[in-house]
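What follows is a set of structures for review.
What follows is a pair of complexes built around subunit A, which joins subunit B in one and subunit C in the other.
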Partner chain A sequence: MKRRKFEELFFRALMLLATIIISGSLFLIVGTIFYKGAPYMNLDMITKTPGGGFYIGKAGGILNAIIGSLYIAGGATVLGLLISIPVAIFINMYIGGKTFLANTLRMAYDVLFGIPSIVYGAFGFLIMVYFGLRASLLGGIIAVTLLVIPILVRTLDEVIRTVPSELGDATFSLGATRWETAKVILRQIRPGIFTAILLSFGRAIGDVASVLFTAGFSDNIPTSLHEPAASLPLAIFFQLSSPVPEVQGRGYASALVLTIIVLIITILSELCIRKFYKQKV
Partner chain B sequence: MVFTILSVSLVLLIGVGLYLHSLPVLHKLSWGQLITSSVWKPMKGLFGFFPFIMGTLWVTGISIIISLPLCILTAVYITEYAPGRVKRILSPFVNLLSGIPPVIFGVWGVLFIIPLIQDHIAPHFVEFSTGYSVLAGGIVLAVMIFPLIVSIICEVLRTIPQDLRDASSSLGATKWETTKKVILRKALPGIIAALVLAISRAFGETIAVLMVCGNNAVVPHSAFDPGYPLPALIANNYGDMMSIPLYDSALMFAALLLFIIILLFNIISRMILSRLERRLAV
Partner chain C sequence: MYQEVLQTESVVAKKTHISVKGLNVHIGSQHILKDINIDIPDKKVTSIIGPSGCGKTTLLKTFNRLLDNSSDVKITGKVLVDGENIYDPNIEVTRIRKKMGLLSQRPYPLPMSIYDNVAYGPRIHGTRKKAVLDELVERQLRATGLWEEVKERLNASANRLSIGQQQRLCLARGLAVNPEIILGDESTSALDPLSTHIIEDLFMQLKEKYSIVLVTHILRQAARISDYIIFVYMGKIVEAGPAEQVLQDPQEELTRQYVKGYIT
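Let's turn to the complex of A and B:
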């Protein structure tokens, strides 16, 4: 009897420990980045582009990378939405949400979601070579769009499925076409669409392997789609591999900037999801 | 409709595209030679992927060994033990962790894990280590795949009917005995699916691993040796791949290899998971 009690206690302690390790790792990561990055943080970092000799420790900031990342993530999310909303509607309205075909399609998107970003990067690179594009903002946006489509489709799909089927039935019974019904449902899931946008933006802004081949890097803020664009993760990566301590420190500060952006996005989307489901219940 | 077909056929397009571009190197060397040879001399046209495959396997293996037990315990705690209030606090944590971009994990690895291994862990086992090793890659990856495994196992555990728990505890089993003998056994297929999915995620992770692994093209013999996983190889050499003949083709072959392995793993685990989901629906 005693042994059983002991085993129960032992594993309970072990579970608690595991949970603490896993949730503690978040604090550890964010804490480390803050601790190392904060001393190098200043206004110049986020308001100036790299000046001459920036990469050997002279003055400047990473505004080029911040803007570049926003362009790439924003462009990819908009482009991705234009493709994913019709797809999600098609899966749910036109072929019926619960058929074998719909489930197979869902699985295909799950599989696409699992494909690593480096493969998307390599594939994006092939597309660019095929069309004769150089590394540019456009190339980066294309590669990242491919990356976020599965995320957008699956999130929108989940959200559409929470809409009660009575709503669709009522619309149909009034003589609406499927497309008109889809418009009603889209209005219903507006907060859900916002969540999908945030999730996709968060993934897009932090990804590096897909833009490595495709977007290039530049010290200037891109003014057209055909210019190469810097991105925040790449800027971090480059600065960190520099031997100059000052530049490395700026790498930590850039990491801090990215962490803060991503944390804000994730917290916002978390709040959105909560609000959406509370509305439903 | 057109968009749906287009985006789903992306799977095929990627496969075919990568295959066509790796044909030049496949003409020169066979699949077997490419995978088993460990000579990597791009200048001489020798491309042996064995060290890179081993590097990937080491890093992935270490990360799974670290994360799987921790994640199972955590998932059981969250679904079976934790009171509702704790549950509500814990689940956002897991989501926040999954939102952190790979490059941040890499920076953390360099700042925290590398010194930890160099100064505190490695001296107990080997003479000298710079800290840049497959162990560091494994630890960083383990933290990266925590959220994925925890959330899948949690979902699987939730599909197990409450009746089973009640039946077990009415026979006098303690909570842990119920968990061990009923729940985990019942959840085994789901846990395997989570494992397979986690392996495929770990396989393809690029930048974080690249930053901490040391990137040395030899087969690692211990956890403290540097390694050079496949994705890191692709990412590191994109700059000069156009200047050496067949190099770009060989790198595309690496991407193809990754793609095929990950595609298979993903399909397997998704099939298991969707079967579980259907069981729940009935």
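Let's turn to the complex of A and C:
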């Protein structure tokens, strides 16, 4: 009896400790960024491009990286969506959601999902070399697109699978073709598509390895797809590597900006998911 | 033995609309429908009754080839609609499906407005003119008794309607493509008694123009609205014939037991 009681207590303490460590480290991370970055946050940071040399520069801001990141993440998400929606529809409506082939494809996308982003970066780089592209906004978008496609496909696939088959039966019995039915299903899952967009955008904007040698870096805001583009993760990395304390502080401020952007996206997608499931009841 | 009964009943039916010949359906390794032969009369209400899992919904779904969409399905035999084998490989499936309106267990309105739900079918089949669509939508909504209830809010989302109204909307949506046959798959099982009554009344009116085939597990409903009844048990047709005969004076022992409630 005593042993059972002790066991209960012991594991309860263990679970509590694990929970505290996890939530504690989350607060610690956000707290550190805030504590170190907030003093360097000002309007210039988010409205100006860097003044002077980047590694030692203390003037200007990181607008180049903010815009660059939004371009890359936005471009990759749009491009990824254009590829993923047809794939998800094809798996579920043409191959048949429960068939062996469909499940094999799903596994393939799960494997792709687990591939480290540096591999996508390297692969994107190879494609760029093949086509004679230099490090550029376009290169970055291509590499990040590869990174987000598995996320988009799997999210859309899950959402499409929540649509009751009777909805398809209804349009089919009206004489609709598969594609016409697919359009109705896409309409039905609109909130789910929005969720997928936000998830993919969130992943894309925070990834550093895939843009490292594909997008390059620049102090200017890119004006064409062929110019190199800065990104927030890289801006943080470069500034934190600087020996100058003030530049390091600006690195933390950049991290704060990125964290806030990701936070907004997370909250938005959470709201979307809630709306989606509420609508289904 | 049941074959003989069937043959005689088919003679009784005036005109045949759907004729099933030697139909077998396998799903995976299961033999769901076993050598089905049945004629379904024109402009009558025919109910398919039987215990859950006996294959009655599967049988219904072979009539508009909805079963094709499931994976691992093998269908052999013929289903003749107006004398045309719908399982002929050269047939255009969308045209066959358009001939039949389906009313499923629960209403599934399309994610669009009330108006667009009814106009959906005509639109995919090429009707674009607004005046034509307006007239059509009103006519079908009137036919299902929904017009007075929704005429002020045709552009509202169909999901806002009550479940009984949604089911009538789904019926109107099906009627809008000018079908010849209405297939009902336990169409009232999710509805309250009043809505059930309205739908049953609609079926009675609609049989003037359409052949109606219903799957139901409610014997009283089958008795109320059917002209003919087909009793399916374990994937086979046990008995088929005029409603009163099957319910009051069944020829087969199994039917007798089912009607009395001994097998469910």
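Assume the second predicted complex is superposed on the first by the 276 of 281 C-alpha atoms of A that agree within 3 Å, B and C clash if a C-alpha of one lies under 4 Å from a C-alpha of the other, contacts with A are read in each partner's own complex, and residues count from 1 in each chain.
In this text, contacts are C-beta pairs under 8 Å (C-beta built on N, C-alpha and C of every residue); 3 or more make two chains touch, one makes a residue touch a chain.
The model shown is predicted, which means the values in this text are computed figures rather than measured ones.
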Fit or clash between subunit C and subunit B when superposed on subunit A: fit
First (subunit B), second (subunit C), both or neither touched by A:R187: second
Touching partner for A:A176 - first (subunit B), second (subunit C), both, neither: second
First, second, both or neither for A:I91, with subunit B first and subunit C second: first
Subunit B versus subunit C as contact partner of A:G168, first or second or both or neither: second
Touched partner set for A:I21, first subunit B, second subunit C, both or neither: first
Touching partner for A:I260 - first (subunit B), second (subunit C), both, neither: neither
Nearest-approach distance, in Å, of subunit C Cα atoms to those of subunit B in the combined model: 14
Contact residues of subunit A, present in both the subunit B and the subunit C interface: none
Subunit A residues within the subunit C interface of the complex: 96, 98-99, 164, 166-177, 180, 184, 187-188, 190, 279
Parts of subunit B lying in touch with subunit A, wherever the complex brings them together: 1, 3-4, 6-8, 10-11, 13-14, 17-18, 21, 69-71, 73-74, 76-78, 81-82, 90, 92-97, 99-108, 110-112, 143, 146, 150, 174-177, 179, 197, 200-201, 203-207, 211, 231, 234-235, 238, 251-252, 255, 258-259, 262-263, 265-267, 270-271, 274
For the subunit C and subunit A complex, residues of the former touching the latter: 64, 66, 69, 71, 94-95, 97-98, 100-102, 104-106, 108, 110-112, 120-121, 124-125, 159, 170, 173-174, 177, 183
Residue ranges of subunit A touching subunit B (in the complex, touch as defined): 4-5, 7-8, 11-12, 14-19, 21-23, 25-26, 28-29, 32-33, 36, 83, 86-87, 90-91, 94, 103, 105, 107-112, 114-123, 125-127, 146, 149, 153, 202, 205-209, 212-213, 233, 236-237, 240, 251-252, 255, 258-259, 262-263, 265-267, 270
